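Look at the two complexes coming up: chain A is in both, with chain B in one and chain C in the other.
Let's turn to the complex of A and B:
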């Protein structure tokens, strides 16, 4: 690698480098100022993420860096901005109530920034090694923040469970990667694609592909790799759960799109049946298993499994409109999750105790009309009722599936979303028509602001969805 | 050649003999010490084949870190090894099976490189001749150029592991005595020593 080439590589990766250096600087600040610096570092982290996000959005120039390990294209840009927005919201939520949730240590925002860095690297990965390292950087930080409230049994259980199962999935991923490397002789995504399109595929390569897909599906918690999700969502502190539901899902879905729609596109008939199966299983489990849930965080976990199933419907189309649909779906799902989790964090009794049961929401409209209206909009949007954003998300992925001739998949998706609508609407019914249960504490202004923004986004999406949709289309054109 | 062969047999014999001692020693601390001997001799074998980087890494990582960790675990945990070893014979068939599988794999690997030596030429980045470029230097050539990106991310991953371990386990306890080096250094005989004149026959 010549110095000029290296310098050029640095320019492409400059936002990520700034983020990494910033994380190290915050860590030093935390070490020298002590525990009282956590609010300050949270604020600085949010500012840094916002700067990096804006930079990525406006920085021109596509290309590869570091000998093809790192790629910058419109798709990476779209997904990175979505992931960063999710991280900013999650950080803001934890900064508000960090003390009550025992998250007020300077390491917490640092770990979230490093996890976000891992997401960016994962989204930009253009090589199997870069893929793995980005994934590990993200996941390791996530394991730690899941167990961050170390005096709580449930939090440590969540962290340990996530860690053990995550290590297992990393093992599967690495095994698949080694098989793919062995059968193609390359680790670069483009090089692998070139080998695949010129040669007939071997059976070992398909094994490798299956293992890689399994590892990636674990990270987006798609059935049959979803077992960790309900326990981790329930056990982890709520701001951490909100973080899990946003950025990491987007990043893992981005790499799943990249490897299927770019690297393994010549093997579409092989991976399509896997993705179709995973999508159907996730949609079914996500809608039926959520019906009996009493804890709202567990309910959101099953809901996220179902949503990943719907997103995969678009991916299985293997077309430009499919990828665009998935990218848009992930963005909208992220905004909906942020809003819903902000509402869940506001469920606090006057004595300072957080409640998580669905029944506690009874009669919310009488107590907190604004929150009830926003949460109702979120639930309608999650159920996919027009004209809210969630409807458009589902519409585009189902449309892509129908265009690709996957009618059965689209019909199953439609039917399961009707089942899922039951439990979303049950929450709405509880809030509007049941007797109020207990008082809630006054919602902090920051949380109100977050779920207000999220509610505004999903209700007014129909007015300004055009530019976002065309950005997603431009992102999808990176591959086709 | 003769000297090299002599050292090869020395290292190999001691390695195999100590490996046997690892599993047969009664005292677990002795087992770990024999394990260190095995690592040391394996490092010697690597050195003989010209792989000096792996030899040094084996010394630093396996003896410096892993074996010491083993020693700590063995000494800190109250494990009754006599009880653990009681049923060891009934696992012998399984152990034999695993040993056979490993032996078969080794034979396959060695056999294929003997049967088709040209396979080594088809790798994308050929290993430079050890006579011209030592393999530590050869590793450095690619590690800080082609693979600098991976190298840096790996460093960050390790940093996260360190932060995680500290943040999840470290507890600042109150009322414990810590060493304050600046205070120690700032002490002078005037502040530290009190000279008392004691009258003889009276005591303090």
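Let's turn to the complex of A and C:
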């Protein structure tokens, strides 16, 4: 690599490099200042992420860096900004409730920043090796933060479960990659695509594809690779759960989109049946299994499985409108999750105890009208009722499926969304129709601000859905 | 004047009231009074503006008027509103009934008054929005969004079984309209836009029409509701607070009939023709079955709810007769049923506020204590029966004539509904108003107050005025109805000639 090329590569990856350097600097600060620096580092991390996010958004120029391993295109830009917004919200939530949840250590924000860095690399990965490196950078940080509350049995159990199953999925992913490399002789995504479109495909290649899809589906918690989700969501500290539901999902979905819609597009008939099956299974499990859940974090876990199913409906179309729909879906889902988890974090009794049972929300409307209204909007939005953002998210993914002629998939998807509406409605029913069960502690202003913003985004989406939709369309044009 | 977006103003004006209410307190009696006054003024101004829409509307043209179109979601989906002969009267009906909803809630709603009125005003926005939408996605957004405030109105302020009723209402209607959404996606994928005028001009293939018709039919049949999709309605009606029942019966049910007229007939004529026998049968079953069930009810609201099912049976029957009389009858019947069923629920609300019972057997002898109420209730009872001189007669007569031209037997069976409705309404009136008081609850009732006079008299005037002089309604809708009928038969004939040509 010539110095000029290297210099050019650095330019493309500069935001990520700044983030990496920043994370290391924060780590040093933590080492030297000690535990009391955690608030400061959280604040600095949020600022750094905001700067990097803005930078990525406005930085001009698309292209490849590091010999094609790292790609910057409108799609990467869109997903990165979405992932960074999710991370910022998660960090802010942790900073607010950190002390009570035993997250007030300086390593915590550093790990979150490193995980975010992993997401950005994953989203920009354009090569199997870069894909794996980004994924592991993200996942290893996630394993640690899942078990961060090390005095809690549930938290450590969640971390261990996540790690064991995550390692298994990484193994599958690597095995798939090695098969793909073996049968195509390349690791670069474009090169693989070129080989695929020129030659007849071997059976081994399809095996490789299946293993890679399995690894990616594990990360987005799609059925049948979802088993870790409910336990990890329930066991991890709530801000960590909120983090899991936002950035990592976006990044994993982004790479799934990239490998299906770019690299393996010539094999669409092979991967489409897998994605269709995974989508249907996720939607069914996500809606039916959530009905019986009593813990709201478990319920959100099943709900997220269902939502990933809906997003995959758009992916299965294998078209530009499908990718645009998925990108939009992930953005809207991220914001809905942030708002919902901010509400869950506000479920605190006056004695400082956090409650997680769905029933504890009874009569919330009488006690905390603002939070109840926001959470109601979130629930209706997740159920896909217009005029809230969740409806438009579903609209575009199902539109793509219908355009691709996948009518059965669309009808199944809509029917499961009616089932899912039942459990979202049950929460609304508890908050509005039932008698209050107990007092809640005053919600910290920062949390009110976070769920207020999220509520505003999803209720007012109907007014500015056009420009956001166009941005998602522009992102999707990177591939087709 | 022409540049002023009057339709958007009428649609979204209640949001101004919502904004004011957000900054009002409702924890004192005075505060509650303020909430009601703000809501009342908002709804009345909205009604007056909608009269301006009616006044500016040119009934001789079948086109959309007062059209506004702005960029919304891009890609063929825009904010596109306007009124034509089908919708203009429904806009007026919706805004006309809202002030009564506020008046009837004046004393009845004491818990969370402010939130109740906010939900109520938002519901008004959504209802008017459904009728003015000229874009299918916009229509669906308003159509579905109306579930949210209605769900809360039933669930928070409803009767003892409110939770069951609200859940059933929400999930039942959601399940129905999901199929319409699939239909909308298919149409968008086919045509590339959801603008209703463009879709009206597009010719869908017969096979596609078949499926699209079914998809839309499921949604509207639940909304109307047609037998056998009606089971959510009695529960929702009975448990909803009075104003909620009024909105539900008078306006939300009309979405279904309006949808049939707006989409099913003009867009899928071949499929509509194919399914007509089925729909006529279902309508007749609805009329007779619902009337018989109404006869056996002991709950006043449930009886009126079943009577609504029966009366909406006339509407669906008349729509699928597809001739001038039928469509005019259907539109008129929907408007008239909106006023009359709304008025009946309001009348029930008046006595319920005093006695807190809806059981018919608890009543009796009201005429001795509340003579003015007895008079008002008599008018609406007679109107619900379809007595000549009331607006219901015009609608039911035209509907039956329209059907008679298509299917004699359907008309014959449908007319039995008139006899049955007379039986249950008169029997209800006799048990409630005449005779002796049957329970202690009837002691010390006072006759209707000034506020309640304000509720019943305008409705009486409208019922009788349009019963005697229905021309203004027909003038507004005539051109549009003509076009629907002409295009429909032209499409059917074209298809028939095509088949001939192939042979």
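Some points to look at:
In the analysis below, the second predicted complex is superposed on the first by the 480 of 480 C-alpha atoms of A that agree within 3 Å, B and C clash if a C-alpha of one lies under 4 Å from a C-alpha of the other, contacts with A are read in each partner's own complex, and residues count from 1 in each chain.
Just so it is clear, a contact is a pair of C-beta atoms (placed from the backbone, for glycine too) under 8 Å apart; a residue touches a chain by one contact, two chains touch by 3 or more.
Computed from a predicted structure; not experimentally measured.
Of the two partner chains placed by superposition, only chain C is touched by A:398; chain B is not. Contact with chain B, but none with chain C, is seen for A:69 once the two complexes are overlaid on the shared chain. Once chain A of one complex is fitted onto chain A of the other, the partner contacts of A:224 are absent, as it touches neither chain B nor chain C. When the two complexes are overlaid on their common chain A, residue A:421 makes contact with chain C while staying clear of chain B.
When the shared chain is aligned, no partner comes close enough to touch A:34: not chain B, not chain C. By the touch criterion defined above, A:432 reaches chain C but does not reach chain B.
Of the two partner chains placed by superposition, A:204 touches none, neither chain B nor chain C. In the superposed pair of complexes, A:171 makes contact with neither chain B nor chain C.
If you check the complex, the residues on chain A that touch chain B are 1, 6, 9, 13, 20, 24, 27, 65-67, 69-70, 105, 107, 110-111, 114, 117, 121, 129-130, 133-134, 136-137, 140-141, 143-144, 147-148, 150, 159, 185-186.
Residue ranges on chain C touching chain A, taken from their complex, read 71-75, 112, 115, 137, 140-142, 144-145, 147-148, 151-152, 155-156, 162-163, 166-167, 170-171, 174-175, 178-179, 181-182, 185-186, 188-189.
Across the interface of their complex, chain C is touched by residues 365, 369, 380, 385-387, 391-392, 395, 398-399, 402-403, 407, 410-411, 414-415, 417-418, 421-422, 425, 428-429, 432-433, 462, 465-466, 469-470, 473 of chain A.
By the touch criterion given at the top, residues 124, 145-146, 148-150, 153-154, 156-157, 159-161, 163-164, 166-169 of chain B touch chain A in their complex.
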